[in-house]
Structures are given as structure tokens and as C-alpha cells.
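Labels run A, B, C and D following the written order; every chain starts at residue 1.
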Amino acid sequence: MKKLINDPRDVVAEALVGLALAHPDRLRVDHDNAVVYRAEPTRPGKVALVSGGGSGHEPLHGGFVGLGMLDAACAGQVFTSPVPDQVLAATTTVDAGAGVLHIAKNYTGDVMNFDMASELAAESGIQVESVVVDDDVAVEDSLHTAGRRGTGLTVLLEKLVGAAAEQGRDLDAVTTLARSINDRGRSMGVALTSCTVPEVGRPTFDLAEDEIEVGVGIHGEPGRERRSLTTAAEVAQMLVDPVLDDLGTVSARERAAIVMLNGMGATPLLELYLMFGEVAKLLAARGIVPTRTLVGSYITSLEMAGCSLTVLEADEELLTLWDAPVNTPGLRWGA
Amino acid sequence: MLTTEKAAAWLDDYARVIHENAAWLTDLDRQIGDADHGSNLERGMTAVEAIPREEYPDAASLLKKAGMTLVSTVGGAAGPLWGTFFLRFAGALDEPGDDATVVAAAMRAGLVGIVQRGKATEGDKTVVDALGPAVRVAEQKASQGASLADTLTAAAEAAAVGRDATIPMVARKGRASYLGDRSAGVQDPGATSITMLVESAARTLA
Amino acid sequence: MKKLINDPRDVVAEALVGLALAHPDRLRVDHDNAVVYRAEPTRPGKVALVSGGGSGHEPLHGGFVGLGMLDAACAGQVFTSPVPDQVLAATTTVDAGAGVLHIAKNYTGDVMNFDMASELAAESGIQVESVVVDDDVAVEDSLHTAGRRGTGLTVLLEKLVGAAAEQGRDLDAVTTLARSINDRGRSMGVALTSCTVPEVGRPTFDLAEDEIEVGVGIHGEPGRERRSLTTAAEVAQMLVDPVLDDLGTVSARERAAIVMLNGMGATPLLELYLMFGEVAKLLAARGIVPTRTLVGSYITSLEMAGCSLTVLEADEELLTLWDAPVNTPGLRWGA
Amino acid sequence: MLTTEKAAAWLDDYARVIHENAAWLTDLDRQIGDADHGSNLERGMTAVEAIPREEYPDAASLLKKAGMTLVSTVGGAAGPLWGTFFLRFAGALDEPGDDATVVAAAMRAGLVGIVQRGKATEGDKTVVDALGPAVRVAEQKASQGASLADTLTAAAEAAAVGRDATIPMVARKGRASYLGDRSAGVQDPGATSITMLVESAARTLA
């Protein structure tokens, strides 16, 4: 294991120290609870957004705290959901009277810990709503299973819902928007190499020099199938087809979309842009117009090499929310 | 009545067992999950060991504190599940009845809490596959007037059978479910560690 | 070699296709010459900035084209400087009457190719000045050698000088500023793993599982010494000390600096923030206040793992230029 | 007088030699540079081979075009250096004198161009270590009235000696200089490939 770390047990806490030192103008970190806050308290009357999850996906979520996006992010241990105490502390701190929306990714641990926190928050009189992101088409969805995993769409959702909250929409409106975004976006990822959890010290899975894991999860969970390493053009096809099939894009007319081509952590931008070119061609062939795009590493899996594609169908409302100012360490424009 | 001393002994014994088996539990989780179940529980039980026992006047308040400690330190799926089990178990201890009946009812309360949280049913390859049979057997024994010792011994045996039955199962809940058919062939880590909890109870509570 | 590419010979051209598709609102790419331009022509009277170099360092340079930064970037083959034709085409295209500043990094090939282009441009009547960035303290500087290499400072210089050009300063003023920035900034890098040039197909150098290359260059050139893998705290020391020693920071009073902790391509943000925390502590101990910071992957070496530190002493003028709006794919704020 | 045919033969012969030795040149550069010298020159000479010869009426215009082509396609250090050599060589061909004198003077012009660009002096472990002695010997021979063939043969021998002398040198210019002392022990790739150019001239120009 080759990492720029000290004691593997201190990785998350020490990274939060660096985050706080790097962005003192914009962020404040509660090191006891491992919660990242905006430097300024929530504007009275604004719905507050709290997200969080296991660490190792940076800039998600701590890097998305700031104007136009999250109000607080709870950092769990690497790949382990935060505990209810963290989420409760964050919820209590950022509530400015208009209520709090919890944004969790669909993993059993995350959902249960956020649920416990929102029950406790509700008991103390705070209005809390939740949205659980489940956009990963690699896993079959069914009422009888844990369902799809939450991956790349989380980034887009946090941006868009953050803009809506900033506009002053109420908790119901913000929650409805969040759920409808979750309904309209899908993701799929592919890994070229594994990641290594610092405390475990060895790769989460083994891939041969000529193998790729198609449909991999953001914690190195297995995907749909293991295939031979092939060209970027063919890999693009493996991502675009399942995403669009699941979105059910059979209509003939062109449709606008917000598209993210995301790096898993160790994939250089040169490759991501090249992949984006391949993806854009395939999307065009199926009538999807990437009206807004993100190309870069926004939801990562430590030092895993690979990428994921997220496609969110976008109407005028979403495009306007997308263009609204955002000022976070991980995503910034118009401010 | 369940004394504070017995409750404390239960927690200490379980902590010891978890320390001993953490690596194995993590390895089971590595095969069908994310390689942290042993370290998750160990982190939690280490915190439970550190609870200043003298501050808790009765078994219920100590076990409630243990549950809250687990919720606050474990994270992941095990944190809420194990935490809820202890919280609900502690909350049911003031029911009337002989020791075996009270403990069986408390175990039922814990199980109900786990099912409410995790929505798993038996056959999903989870903690419920060991705890479900254990609770049923405990209730049966208690209703037949068995001693607490006999009740818990029988429950532990049932848990172990349920645990072993998870080996061929295909997971439908938790992280192992992403593996689909590939989850078959490995014993569920949570069913394994909850069986240790019932076994520990049989050793310490009666 | 595990990469998301098609034919290794087409990597640069295909990545430029993706770059153009990802940012049609902001960039225009001349695919024949492999030059990235702003979507809008240079404002009449504005000094234009042209940079470029070998590819494989993304977002540098193409990702830094846009308002407040570069006017054009010439993309060479991977790790190979662009040819004079590219630089000449870019220079001719972006000149808006006020002249053009060439920004090159100090490598023999880059310097010679930029020199040839500026001679040709001057012959055709365009005012051209050049700055050659040489900030890498890993290599001893001497009149009798090729001198220090140009690395991380290039990012900061392109941002700051871009802001000055946007303000309407003339070519002399912009050139003087660029040279003075080059005098005040220093960098040093460390590699945990090698990179693999697509056309070569095997790692540029070999590092054992417990070795790091201290003072590595951005093309995988050897550094000062090979050492054992150690803690982040000790690695931070290996970067901070030579940088500050070379800057000659012996004064007792505190000094403001713009500090970049840069990822080499495959190092996740979690580790970069952790390293930044270690670096910030050491800087503080030597009286350097990181008044402005960048933490992320801004000048990379394909999929090399590791990081580099750049420290630029900053007066009020530089801080004001730093805060000026910038709108490029790789760096954006205030716009 | 240097005919277009002879100039074309020189370029074709050099292209052939570069194709044959590209892998070796790249490997020398891998040891003390960045593993691209062979592929750089091969890319350039492939483009030179594709020049439509019939469009260039004399040796000077053809060799000038070759120089421009190298500048436009090679990049790195070799592009400007080799390109400048051919451009300056071509520009000096209209000087008066017998063939040997003209070619020696043209080689000197090429060397001066390389030194202007790269600022290397002999001993820096570069192309100059082979080309410098070659030019000196050529001038000497020509001034003694030697034939073009004898002049170039002697120059090629001097280049090879200079090339071999780069092996123990510590590089002070170019990418190899970053290696410091570790650059000693490997023959300089540029000195190797420029020697091939002079050898090729000896085979084709006389």
C-alpha cells in the first residue's frame, strides 16, 4: 500500500485538518464530530441541506459544502457511513427554522444511520425530510433487495437542490425536487484497478492486467461482469447503453441532459476527456444532448482507476438551477 | 431479575469474543461485503468496555448506554442494528415475568427493532437468520417454564443452526446483495457475530 | 498498460475532441494545429497569452484557456513540446495588436520550439515576449547546465499574469510581472509510482513497493534521491525544506504566500488534503502564511501517484490578481 | 555542384538508417532521457520522405524544405536542432568554391545554427560533440584540396570518434543533465544520430 498518509487510522481526521486549513474563508470543521460546515451560519428561513457518507469519495461530500450546495457534510470513516450522532449534530447546527433535507446514498448502513438521526432530530422538533439517491444501474433494482446503489447522481443532485434551497424554496418543494431528480438520473461505472482501504492495507479486489470490472460500485463493490480491457470507444458503449436503456430513452426527439464523466480517483484528465469524446458521440446517436457537462473527479473511490457516467435528463428548471452560483472547494462558478 | 453485574459480565464477555474473532469476521465480510464487520464491532465493543459501569444503577440503564454507544461508534449497518438490539432489549426489561420470560421477551424486542431498521426477513442472509430462530426457541422454552440457563443455551444452539444455514443463501439485503449469486457459499458475517452474542448471553446471564 | 484510450498514437488528438465537446461555450479547438483557444477572439488592445507544452499534464495547459488566464494553449504529443508551427499559429490568431506573451517551461525542447516560433512571429510584425518558468528546486541551477525545470509555478503564473493582461496592462508590464513571479516561486515534487507514456507502453521508471522518488520531474525524470516510503509528515518535510531554503526565507517576520499542493494524477484528494495539513504546519513554523491555496491536481504527469508543492511569495498586488475573476475548465472563480 | 538528386539520395539514405536504428536510439534516450529520440527522428524523416521532390528545383530548396519539415513534425529538442542544421546547410550552398569547400562550409553553418539554438559546447554530451570534430576535419581536408568523398569520409570518422567520447561524459545540456553524474556511461543519442547523418552524407553526396 503506497499512500501519502501517517497512521491509517487517522486518515479521515487528518484530511479534515487539511481541508479546514486550505479553505478557512469558506469552511469550518467540527473535528470532534467530523462535520464540515459553511463558514457562515445558515441564512434564517433557508432550508438546510445535510449530506454525508463514508470518506474516500472526495471531493464528495465535504468539498461540496458552501454557497449554492450543502450546508453540512458528515464524514464517516473510509467507506463507512457516519454515525447518527454526527448527522444529528449537523442537523441541529444548520437548521435555521425552515427545516433540513438529508441526502443519503442508498447503502444499508447510510440509510439506517441517517434514519436514526432524523428520528432523533424530529423528536427535538426539527423538521427533517430525506432523499435517498439510488442511481446506479449496475445493480438490478427490486423491492426484495437492497436496491440500486447511490453514486454519481449525488453530485448533480446536491448542486441542483442546493440552488433551489438558496432560492428560498420550502422544505416540501426542495424534497420533491430532490426525489424527481433522483428519478431522472442514472449512472454506471467501470474500474481498471482496485482501491485499497488504508486500514485494510491490501486491494479490495484483484483485477488481472487485462481485465476491467464493468458496473463497479464506489467502494470497489463488484459490478455486472468482468471483461477484457478494450478500447475507450467500447468502454464508452458499456456505460452509455445500460444508462440510457434504464432511463428508457426511446423517444425520437432530442433531449437535453446534464452529463458527468467522472474519474474514480487515479484516472488522469487526459483519459477522462478522451472518454468524454467517445461518450458524447454515443449519446448524440441516441438523441441525448449534453447541454451541461462535468468532466473530472467528483465522486471518487480512493485511488481506483476508472470512470463513471451519469446522465440526468434536464428541463429548463434544472438547467437554470445548474447555472446558479455555487462556491464550494469542489464545484464553483458564478461566485 | 437481571442484575447490573450480570449485564456487565455479558458485555465484557462479548467484547472479549469480538476481540478474539474480529479478524475472522472481517475476513467473512471481505468475501461478500466490504471487509469491515470485525473492525466495526471491535471499535464499538471497545467503546462499550470503556463505559464507567458504576454510573449505571441497573441492567436496563447500562444496556441502554451500551446500545447508544454502539450506535455512536460503529457506523455502517452493524451500528444501528446492534445498537437498536440493545436499546430495545433494555427497554423491555421492566416487563413482568420470570427471568427466562423477561429475557426472551427482551430478545424479541431487540429482534423487532432490527427488523424495523433493516427490513430483512429470514432467508435474506442477514443477522435475522440467526436471531429469528434464537428468539423463537427462547420464547418456546420460557413458556414451557425452562430456566434462564436452559432457555439461553437452547437459543444459542438455534442461532448457530440459523447461522450455518446462511452459507448457501443468496443475499437479498445489505452489501452482499450486490454480489447476487456470487454471495452464496460464504457464511454471513452478521449472523456469525450475533450468534456469538447469544452464546455469550448463555454463558453470563443465567 | 491500463488506460482508457484507443490507439496510443491518437491519445492527444482524441482528448482534444472531448475537451472541445465538453466546453463548447468556452473553448474552441483547432484540431489541425492542436491548439486550444477561447471561444471569443482576443479583446482588441489586450495582451494575449500563449502557452503550451507536451500533453499529459492536464488540466495544464488547455484547461487553463479562458477569461483571466490563457488565450491559447498548444498541445504537443505526450511529454513532447509542441512544434513552432503550432505556437506560430496560436500567436498569429490571438494577437489583438497589443502583442503576445509566450509562457514556456524550462525544457530544452520547449524553449527552442517557442524561440523559433517567436522569431517567426516577430518577422511577421507581431510583438512577442517570452517568459521561461524554472521553479523546480530538485535540479541544481547553474549557468553551465540546462537549469531548473519548469513545473507547478506555471499554473500560478498563468493565472496571475492572465489577470494582469485582462486588466489591460501592456506587454512590457505583463512580461516584467511574469519574470518577477518566476523569481519569487519555487516547487518540489515526490512520486510514489511511475507514469506510463501511451506510445512507450511501459513505466518510465521502476520504484519498489517501499520506495519514493524525491524531487521527481513532471515527465517522470529522476529526482534528487530515492528514499524509503515514509509518513506524510516526513514527506511534507522533504518538500517544504528545499523549497523554503531555496526561496531564502530566513526573515523573522511572517510572509504571505500563494501555496499549491498539487496531485500528480493518481493521488486522491483525501491524501492531498492530508498532505496539505502537514505542509501547512511546517510552513507556519517557518513564518509562511498560505494566504491563498490550491489543493488538487493542476499539473499532472499522466497517472503518476505523488504530489508537488509550490510556494509563491505574494504581495498585495499578487493577491489582488489572484482574486480577479477566472473562468477556465481547470480554474474558475468570480465568473 | 550538389545536385538535387544527390541531396534527395542523402535524405532517403538517412531516412532508411533512422528507420533501422530508431529503436536503438530511443533506447539510448530511455537510459538518459525520455525515450523518444528514435521515434522523434523517425516521425520527422518519414515526413521528409513524403516531400514531393519534383517540386524542388535545386538541392538548396529541397534541403530547406527538409529542414522546415523536421522543425514542423519532430518537436522536442531534436526538431529545432536537426531542422536548423538543414536550414542553415541549405542557406550556405550558394557560396563559391569547389564541392568539398562548399559542403564543409555548409556543415559549419549547420553547426553554428545548432550551437546558437542549443548553447552547447563540446563536452556537454550533445550532438555538438560529434558534429564539432566532424566539421573541423571537413574544413581541414577541404582546405588541403581533398575531394568531396575524402572530405566526408574523414568527417564521418571524426564524428564517430566524437560520438564514442560522449560515453563517459556527464551531461550538462538537455534532458540528460537532470541525471547529473548518473548520465555518465551511456552514449548520447543525439551524437549517435548526427554521426549517422554525416556517414550518410559520405555515402551519397560525393
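Keep in mind that, in the parts below, a residue touches a chain if its C-beta (ideal position, glycine included) is under 8 Å from a C-beta of that chain, and two chains touch if they have at least 3 such contacts.
Note that the structure is a prediction, hence the values are computed from the model and not measured.
Graph distance from subunit B to subunit D, where chains that touch are one step apart, equals 3.
Contact with both subunit A and subunit B is made by no chain of the assembly.
Averaged C-alpha coordinates give centres for subunit A and subunit D that are 56 Å from one another. Averaged C-alpha coordinates put the centre of subunit A at 29 Å from the centre of subunit C. Each chain gets one centre point, the mean of its Cα atoms, and the points for subunit C and subunit D are 33 Å apart. With chains as nodes and touching pairs as edges, the resulting graph is an open line.
Touching pairs of chains, sorted by label, consist of A-B, A-C, C-D. Taken in their complex, subunit D has these residues touching subunit C: 34-36, 39-40, 71-81, 83, 117-118, 172-175, 177-180, 182. Against subunit C, in their complex, subunit A makes its touches with residues 2-6, 11-12, 14-19, 21-23, 55-56, 58-59, 63, 78, 192-193, 209, 229, 231-233, 235, 261, 265-278, 280, 290, 293, 295, 297, 300, 302-303, 305-307, 327, 329, 332-335.
Subunit A makes touch with subunit B in their complex at residues 76-77, 79-85, 107-109, 112-113, 115-116, 139-140, 144-146, 149, 197, 199-200, 204, 217, 219-222.
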